[in-house]
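The structure appears right after this line, and notes come after that.
Chain naming follows the written order as A, B, C and D, and within any one chain the residues start at number 1.
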Amino acid sequence: MTQGTSAPTANSAWKLHEIRLVSRKKEIPIVETFEFEFVDSAVGQQYVARAGQFNMLYIPGYGEAAISTSGVSQNTGNIVHTIRQAGNVTNAIFRLELGQTLGCRGPYGNGWPLRDFEEKHLILIGGGIGMAPLRSVIESLRQSGWSFSKVTILIGGRSPDSLLYSAEYDQWRSSGFEVLTTVDHSTTGWQGNIGVVPSLLDRIELSDPNAAIVMCCGPEVMMNYSALAAIERGIPEDQIFFSLERHMNCAIGHCGRCQLGSYFLCTNGPVFRYNQVKELMKIPEL
Amino acid sequence: MNDFRYFRIDQFPEFLKQLMQSGYRVIAPTIDQEAIVYAEIQSIDDMPQGYTDEQKPGYYRLQHTGNQRFFDYAVGPHSWKRYLFPPLQLISTSIKSQDGWTFEDHVDEGEPYAFLGVRACELAAMRIQDRVFLEGSYVDTNYQNRRNASFIVAVNCAVPSANCFCTSMNTGPKCKSGFDIALTELSDGFLMEIGSSLGNEMVTPLGFPSATEEQLTESESISDHATEQIKKTMDTTDLRNRLMGQLEHSHWKEVADRCLSCTNCTMVCPTCFCSHVEEVPDLNQERVDRRKSWDSCFNPGFSKLHGTPVRNDTRSRYRQWLTHKLATWHDQFGESGCVGCGRCITWCPVGIDLTVEVAALCEEEP
Amino acid sequence: MPEKLRLGIFKFASCDGCQLSLLNAEEELLELAELVEFAHFPEASSRIESGPYDLVLIEGSISTPNDLDHIQKIRRQTDTLVTIGACATAGGIQALRNGANHDEFMKLVYPHPEFVQSLATSTPISNHVSVDFELRGCPVDTGQLLQIISDKLHHRKFSVPDHSVCRDCKLQNIVCVSVARGIPCLGPLTQAGCGAICPRFHRGCYGCFGPCHQTNTDGLTDWLIKDGHSSAELIPLFLNVNAEAPEFARTGAQLMRQDSAEGESHE
Amino acid sequence: MSESRTIRVGALTRVEGEGALHVSLNNNVIDRVELNIYEPPRFFEAFLRGRPLEDVPDLTARICGICPVAYQMSSACAIEAALEIEIPNEIHQLRKLLYCGEWIESHCLHMHLLQAPDFFGYSSGLELGKHFPDEVKRGLRLKKIGNQILEVLGGRSVHPVNVCIGGFYRTPVPDELQNLIPELEWGLQAAIETTHWISGFDFPDFVRDYDLISISNSSDYPWFGVTMASSKGESFDVKEYEQVICEYQVPHSTALQAQKIESRTSCLFGPLARINHSRDNFHPNARKLADRVNTQWPCNNPFQSILARGLEVVHAFEEALEICRNYQRPSESRIPYQPRAGVGMAATEAPRGTLFHHYEIDDAGLIQHATIIPPTSQNQKQIENDLRDYLPPLLSMEDDQVAQACERLIRSYDPCISCATHFLKLSIERVE
């Protein structure tokens, strides 16, 4: 796996930058997308994050949380995050008013190795807040000049109103992406699929499994079943990618918190090839 | 070939004075709380003379020998990581104003410490922590400053404890590199090996004579004798793979019945580096310190994810510790995380001995 | 200026030490008074305001028939209820009566037991009403107490470290009293928070912050007994200020059974 | 026909613990005055039985969070008496220093946060602090210094952990005490200023004829000692304590009351008792100040016990300074002993008055019997008597004013009902 390439500069390990909340948008219950600008615009201009990388957002007194970039912000230098209210830090972020500031350091982690995927059939599988790091993939694909044979996006949610980014699906489709959704429990008016996300894999057209890439982010069970479904359809293990989650404290491989077997999720991940982690993920409480 | 000198025991104060005059605060073994611990000294009188220690699993006792020797004991409860990677560190301070937040990184310039009495296993431990903090993707500059500011006077072990197994880990008892000066306590003085140009600068003004062949031989035999005395062993052959193949071994549960998950082994281990950052706000939350402190994979909260620990019992936490130390450490840093100092065995309040557990874990299940 | 947090402090059977721990925040006290309204704090203020309260701190255990009713009334007027100290979180030292013969105890202390209203047990507040957070210690630590109030003020989830005393020992350069001196020490089983003061004063921890998260009491007692300590010697370690904390109570009872078995086998 | 009327007034506040006062009047003549202490029994004397003697200082400390050191000291001294352990002077000095810390802490708490607001009509020390910020901040810093002494010697201020039978678990290194000196020096001056401030308060004119009892020594102001002095009689040895003073139970209180056995009269313990008996043994600053403050000696006005506390704080600072300046670390922190059977009694002076302990120990070192007589229960009868005499001229006032006046008087004794008290309401029942 490629190492995080964001150049480590001296003193950078804990260096915080001040960012300001410029807009926020409600997505689904307890999830919103926030846009922040760097207070020091020079920092903003130098800031480059790849899809799948994350920032540590910091609210003094509450602490830091690892949050994936959920959008590409080349035009403004602004950073975009979709955040689910989970605890102290994310609650405090939700209490911010426009114009208020907080701390940010990053980007961290390896991100999805998108350049290696050119000309492939990309299958993005997201569950719940796990769509956030995939949205930045979608944005990159839409903005970059890279060519891909096909892009399929599979999205799962508990119920129709918990499908993240539903307002954008039409845009994605208009970019030529295939978008399929499914829910665990339907509500009145829902015409789409009911069932778990991996089941969607059976429905898509797969011309050449060897040219397919699966990118998966969501609850661990969901990812494991997606991988099995993908393998079932003939996709090689080393073409399936997971973005994993463990609690992160430092994000720079020094605190020891996010270990899984030999990996520090923060520096060796969070994106892994399935065959790198599948044995480790089988062992409970590792 | 390094330069070897000799000085008499009564010249020890001169050597110490030279360290201090060069601007170093000397940290050396002292006696406190019924143990040999590292603390700042002003003269050799502050050092234990005529003491040794008896160590067994979960057991440490200081003993008076009555002789005049300075270093006839093994490593105690402290390690040098206390100075290079302090248990509590200020990382930054955030100050709120009308306009927002100002974030001030705390810069530790590094105290000029001379560490006197660093053992071979401890040199190895320093090298291991260097890998973690200096040679990964990110550099801990405060660690770097502290490391750069320090001067290392190593000592070759003469009297290992019953819990030492550096020979198995290939780290001792003789110091090979990583020091500025290394001493061997001979019958009437010290053999001094110069290991760096900094070390050379330090001792040149003292004008100590070159060591004689006899002195060199005596030093060799002291180290050989120490090696022979080390009885504890750990079979490290292919240990990484052997352990990783036993992640579901029933013996993990057996250890967990005894282990208190109290963190002592990780706290005393000279290579353990896990940490935790906490917020220290004032009442108004307008000035907030961030403080980093030693943490441990034995604390349930350490692996908390969505409110519950990933490693939710002692079995999985002990497994994490042991497999990280002895197996996955190799993958991450290219070598074992254990230097064989025996601290985790001595300072475990219920005497759990990792060498014994490793042996049991590597047995095939019946 | 947002409305001040309305704080209430109530006391049941206790020594007052935990309330005093708040008054011991000498430096922060006046500042705190700016941020919170001491709506019910009889020990410090004669102005007693009726509920509802945003945050109530309860000191003391339930030990009289009156208490049973009083605690329900308080709960009904309270948004967030935090119990403070070993009495409120585990019944306190007065729970040492729980295994004993209550009538006999009454007679020992009072010439006229009939004048006195008392329950046969002293129990933690959480046995009677729902509790939002339990702050341990005998007494609680002033810093942790302030932190709880600050957490409520600033909308943080309550949390204090739940690791063992040993880590705090090591952080402070304290040499393990159990390994280096052979003193039985409850530190490995006890929740941190006190600052490891007992080992700092060269004695074994006696558990006043109660059992820590996922504590292994049997692991320690097995070792100590193998090391030559008798069950009888270890009983008072567990049956102390946190005698009713489940893990300590269970271990205390187990040691008592072992001790009487040992006694019989010697006869 | 007489008409009955019961008036309930708010809870008695700013005392340690909670209790109730019940006054019943019959045609405006006082019928009964009862200080009700619904103290939930905590059975210390019962559960101490069978415990190893080493546990006693830590266990009895839990009787009171305000004066745990007093419990540790009286219990340690009593058990040491039973074991016939002689405590060397250097360790004794450290114990005294620990006690200084508790007196400073407890007295300053009471003076600034509990009693002083009464002289200005404020409901709390925090409110007083808005109007007298300098005085209250000074008081809080003084209190903090008391706590610092406790922390240095005992790890923490409430239930310190360092006292053991025979001495201390660990004695401080000289630097630890040296470092206290600058704050103690500041504290001495600040305590003098505070006492001057208090001396200017407007004290109600209420002079009593007390039987004052405290420990009394020939040259030492009493913290420790073996001789009890009474202003109304002979002095007696602490071993005879229970022959002179007995506890008895009244239906309206779960705290046992005490009185003199022979005369069945009440007595007063605490700062007034000590200062009237022993102010000649004050250190120079406290001695000088005692002559200058606004009172007559002997002082028998309970409201002025706040002044006595101020003077005792000054003395405690001087004592603490002397101990810290002369400190050399003792070679041994505690005297070793073998458990054996014995009986021991001791009294020491808690901030609120004499605290007496009595233990019987078996040859395995287990407690067989314990009696603890705390100062507040010994003062309780006196408080009731004082109230009885204080009330008549007030009865023309509104009920709530009467109640407030009673509360003020009760507060001046600094009653420590916190040996666990349940609920305190003041009710006045008038039968007309």
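Please note the rule applied: a residue touches a chain if its C-beta (ideal position, glycine included) is under 8 Å from a C-beta of that chain, and two chains touch if they have at least 3 such contacts.
Bear in mind the structure is a predicted one, so any value in this text is a computation, not a measurement.
The most centrally placed chain, judged by C-alpha centroids, is C. Distance from the chain A centre to the chain B centre is 40 Å, each centre being the mean of its Cα atoms. Work out the mean CA point of chain A and of chain D, and you get 65 Å between them.
One inter-chain figure worth recording: chain B and chain D are separated by 51 Å, centre to centre, where each centre is the mean of the chain's CA atoms.
Between chain B and chain C the centroid-to-centroid distance comes to 37 Å (mean Cα coordinates, whole Å).
Counting partner chains per residue, chain A shows two or more touched chains at residues 61-62. Annotation for chain C: residues 154, 202 touch two or more other chains. Across the assembly, chain B contributes 281, 285, 295, 313 as residues in contact with two or more other chains.
If the chains shown are joined wherever they touch, the resulting network has some other arrangement, not a path, ring, star or complete graph. Residues 28, 31-32, 35, 146, 150, 153-154, 161-164, 166-167, 170-176, 178-182, 185, 187-189, 202, 213-216, 218-220, 222-223 of chain C are the ones that touch chain B when the two sit in their complex.
By the touch criterion given at the top, residues 61-62, 87-88, 91-92, 95 of chain A touch chain C in their complex. Taken together, the chain B residues at the contact with chain A in this complex read 91-92, 94, 96, 99-103, 105, 107, 132-133, 136-141, 244, 247-248, 273-279, 281, 285, 288, 290, 295, 297, 302-306, 310-313, 315-316, 319-320, 324, 328, 331-332.
Per the touch definition, chain C reaches chain A in the complex via residues 154-157. Residue ranges of chain C in contact with chain D, taken from their complex: 11-21, 23-24, 26-27, 29-30, 33, 38, 41-48, 60, 63-64, 66-67, 70, 92-94, 96-97, 100, 104-106, 108-112, 115-118, 122, 138-139, 194-195, 197-198, 200-203, 206, 208, 236, 240-241.
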